[in-house]
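Next come two complexes, and both contain subunit A; in the first it sits with subunit B, in the second with subunit C.
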Partner chain A sequence: MNALRVFRQGLVVGYRDFRDFWSLKSWVFGWMLRISTNAVAWVLLGRVIGSQARLEYLLVGNAIAAGPAAALWASNATTWARYDGTHPLLVIAPTSLIPAVMGRTSIWLFNGLMTATVTFVLLALAFGYQPAGSGAPLVPLVVLVVCASTYFFALFMGALLSNRSRWRNMALDIAGSFLLAFCGVSVPVSFWPAWVQSLVALLPVSHGLQAARVLLEGGPWGEAWRALLLELLVGAGWLVLGLFTMDRLFNGGRADGSIELS
Partner chain B sequence: MASLTRVLTGAARAQLNITRQNIEDLRPLFGMPLVALVALGLLVHSGKTDLVHYALVAAVLMTIGQMGNFVASEIVFQERNEQTLELVVSSPAPYHLVLLARVLVLTSLGLVGALEAWLIARLCFGLSVPIYHPGLALLTLLATSVAAAGTALLTTALFALGTQVRTFQNAINGPLYLLGGVLVPVTFLPVWLQPVSPFVFFYWSANLLRAAFSPGEPEQVARGLGAILLLGVGTGLLGKLALSRMLDNLRRSGGLGLT
Partner chain C sequence: MLAIETHALTRSYDPGNGRAAIVALDGVSMSMEEGEVRGLLGPNGAGKTTLIKILSTVLLPTSGWARVLGHDVATATRAVRPLIGIVFGGDKGLYMRLTARQNLEYWAALYQVPVSQTRARVDQLLARTGLAERADHLVQTFSRGMKQRLHLARGLVGNARILYLDEPTLGMDPMAARDFRQIVRELRQEGRTILITTHDMTEAEALCDRVALIDHGKVLALETPARLSEYVAKFERIDFDGGDTELLQRLEGQPGVSAVKKAAVGSGHRIELSSEHAQQNVLSLLVARGITSIRTSRPSLEEVYVQLIGDRGLTV
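Let's turn to the complex of A and B:
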């Protein structure tokens, strides 16, 4: 109960963070303009290639991947308490720091969900895309799972970066580009070498994206559920790893005196 | 003339030293190779190896664009935060010249993106992408980094003014790349959007670079290079004006001061 209250307070702080970046107007005409124009450019490459199937592959991949790319911002948000000077206060508070961090950072998970949804609708309208599969109404659920598993991955990244926060933007850029490059967004995972495929299997996005594609194309339900389950498992793995790392680093900071009010 | 050269070279040297100590400045050089990798992978996977130069052109132009928009455009904002703006402004060297040299260094570093993209094509995919008109490619890249520097001179002044304007920083790259035909030629855009493209310097850069990778004789080279430079100089002059206005306002309102 206490943890829930702390999470809620963290979410209020996260909402303020979000509003520091975006108002409704700037989210629509700034953020979404950037995301959707970028996605349109990739989908148009399908038209250059001259294949409708390729165009639809790019459309689905780039629309859904816009969500995890946005949710990944949570790794940066994890380090912000260090800049605000509130990290030591959170450490000495008589409750776990984790619900506070998760509350504050989870706003980027919601941003991911909204970003993917709006991008998908915009691209579908712009290119006249109509999914053939009867499982299409379930795709928002898959998008939620993909954004959540990426968010858990971001928590792990944020925990690792909390003592090296000057690397946070670089890490965000590289991790985001890596996920978009190899997780089946524009090119099937099977195209890349076996060692990349093995690595991608442990990362968020690729399984969920596969599930969404199967549902949209009307493929076998069993395959979709299996891929979704794998995405959930990968997400759960990163959550456990993220919480463990956070706990260890914060306790380590308490032990070696590196947390101080300045 | 000698003092002008001294200011420009001094500022350029200072920027190189700053960048050497701050690897964050080189973020686009680390992120962009992955863009090249995806675009190349997509074209190779689709059996369109005749179009792989599209991926190279996109990667290098995006690297130069990111260096301008996300790195060079931060200079004035950072100088205000670190209170070094006051020191530079109080020196007798014109501030816009100091800035021009600094942004030019950063956008020129974006040229490394061309080498990265070419190496990725060669090493990851075993592709040898012939450059039929290397002189044109080189001139276009140089003109593009000058135009990106001109644009950065304007944006660095604007982005220092407030958070709402910085939101604009996050927004402009996507539309500029799309309208400029960086990844996909503008002929694939809706007809009603195409007339806007010539006002974006990337449009001319992308066309000339793609022509440099094609065996045919490139057309309208002088016109294209002229347009890139004209757009760059135009935005650079607007940037000089915006900087003067900003500094005048700061001086008048007492916004400059060391604490």
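Let's turn to the complex of A and C:
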């Protein structure tokens, strides 16, 4: 119960962090403009080089992938307690710091959800896209799962980077590029060699994206649920790994002296 | 029960590349009674903060042990952490984009203050630290002194019995520092145990029951501020105006006089003593030679500090 309270308090900090980055105006005309124009460029590429099916593939992939790209910022936010000097205070507080960290960083999960939703709506309007599948209303749920699994992956990254925070921007770019390139956003996963496919299966995004495509195209429900379940499992795996790493590394700072008081 | 107890507490770091280990804390044994205010004085790198880090459970000792109210800081962190509060100087450790009230509510949750008591606890701390009127302002708009008072309120939100103050008045203006010290005195009257690291001798003298001088990871001396001054009482100084060459030569020949120097300012001289028994003879001699402008002065803690630590003393 107290963990929930700490999470809520952390959310207040995260909201203030977020507002320091974006006002409503800059979010709409800065962030969303950048994300949506990038997605539009991909979709237009599809129109130039291929069929309507290819255009829709790129539209769905790039709209939904905008969410994970935003949620991945949580890896950076995980390291911010080091910068504002609250990290040692969180370590020595009587309760676990994990709810506080998750509260503060989860704002980026919500940003991912909003980003993907707005991007999807904008692209659908711009290109006259109308999903054929009856499962389309469930796609927001799939987007939530994809963003959440990416957020859990970001927590793991953030924990790993907690003592090496100068690498955080590079790690964010590499991870983001990898997910976009190999997880079925613009290029089907089946295009890549088997070993890449095996690796991608362990990462967030690909299964959820597959589930969304099936639902939007009116494919078999069983296939959609199976893919969604896999995305949930992948997310849960990253969450467990993230929490374990966070606990080990944050507490490991007691041994190696990496926790500075100010 | 002792509030703090350490035995042969040692912490060393491996600098890597096959270099010898750096010893930050070297076999420190000390104890503090509940309700005591203890100062830790020493230059940068002396080991003060390392000691605080171990006692506050953010650092493990390499060897030796430390207990807080009977609980081992290395192994019984769950028992130790609700008992302690830590306050450090500077802008770090606060959420600048939150209000003072939001900051305290955040830490109240982390210190498991019941929801029903949080509002009253926060209000009381804001009032006590003189921040009630600015409770709902963003911390980033606060002055240095206000931030420091908020730091202190944060350190008290869990009702800590032991407070570690790590250079709490660093960078504060004199008035703000004076107000801050007054709050620390009140905390002392409540029976809280306070361990304070500082570079400021005046602060140590004003607040501490006892002062530990620390350097190279070792405690060099542990005494009351007054007693520490006595360490160099034999080095007491006598300043006087006037006097001719013959008098100066006679003074230099007196037992217990280590030096007679021209004063840094004005036309007078300073006699430095090396024995606490020399003062009477010297004063008698000066009066007998018609010198009437005579001043004696006792050493400050700073001079004790310089005396014990030597050349590094003022590099803090």
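Structural remarks
As a working rule, the second predicted complex is superposed on the first by the 262 of 262 C-alpha atoms of A that agree within 3 Å, B and C clash if a C-alpha of one lies under 4 Å from a C-alpha of the other, contacts with A are read in each partner's own complex, and residues count from 1 in each chain.
By definition in this document, a contact is a pair of C-beta atoms (placed from the backbone, for glycine too) under 8 Å apart; a residue touches a chain by one contact, two chains touch by 3 or more.
Because the structure is a prediction, the values reported are computed rather than measured.
In the superposed pair of complexes, A:186 makes contact with subunit B only, with no contact to subunit C.
In the superposition on chain A, contact is made by A:20 with both subunit B and subunit C. In the superposition on chain A, A:164 makes contact with neither subunit B nor subunit C.
Look at A:95: by the touch rule set out above, it reaches subunit C but stays clear of subunit B. Shared-chain residue A:248: touches no atom of subunit B or subunit C. Judged by the document's definition of touching, subunit A residues 20 lie at the interface with subunit B and also at the interface with subunit C.
For subunit A in complex with subunit C, the residues that touch the partner chain are 2, 5-6, 8-10, 12-13, 16-17, 19-20, 84-86, 88-95, 97, 100, 253-255, 257, 259, 261-262. For subunit B in complex with subunit A, the touching residues are 23-24, 27, 30-31, 34-35, 37-39, 41-43, 45-46, 48, 51, 54, 163-164, 167-168, 170-175, 177-178, 182-185, 188-189. Residues 20-22, 26, 29-31, 33-38, 40-42, 44-45, 47-49, 51, 54, 58, 166, 169-170, 173-174, 177-178, 180-181, 185-188, 191-192 of subunit A touch subunit B in their complex. Interface residues of subunit C facing subunit A in the complex, by the touch rule stated above, are 11, 13, 49, 52-53, 56-60, 78, 81-82, 84, 86, 88-98, 102, 105-107, 109-112, 115, 154, 158, 166.
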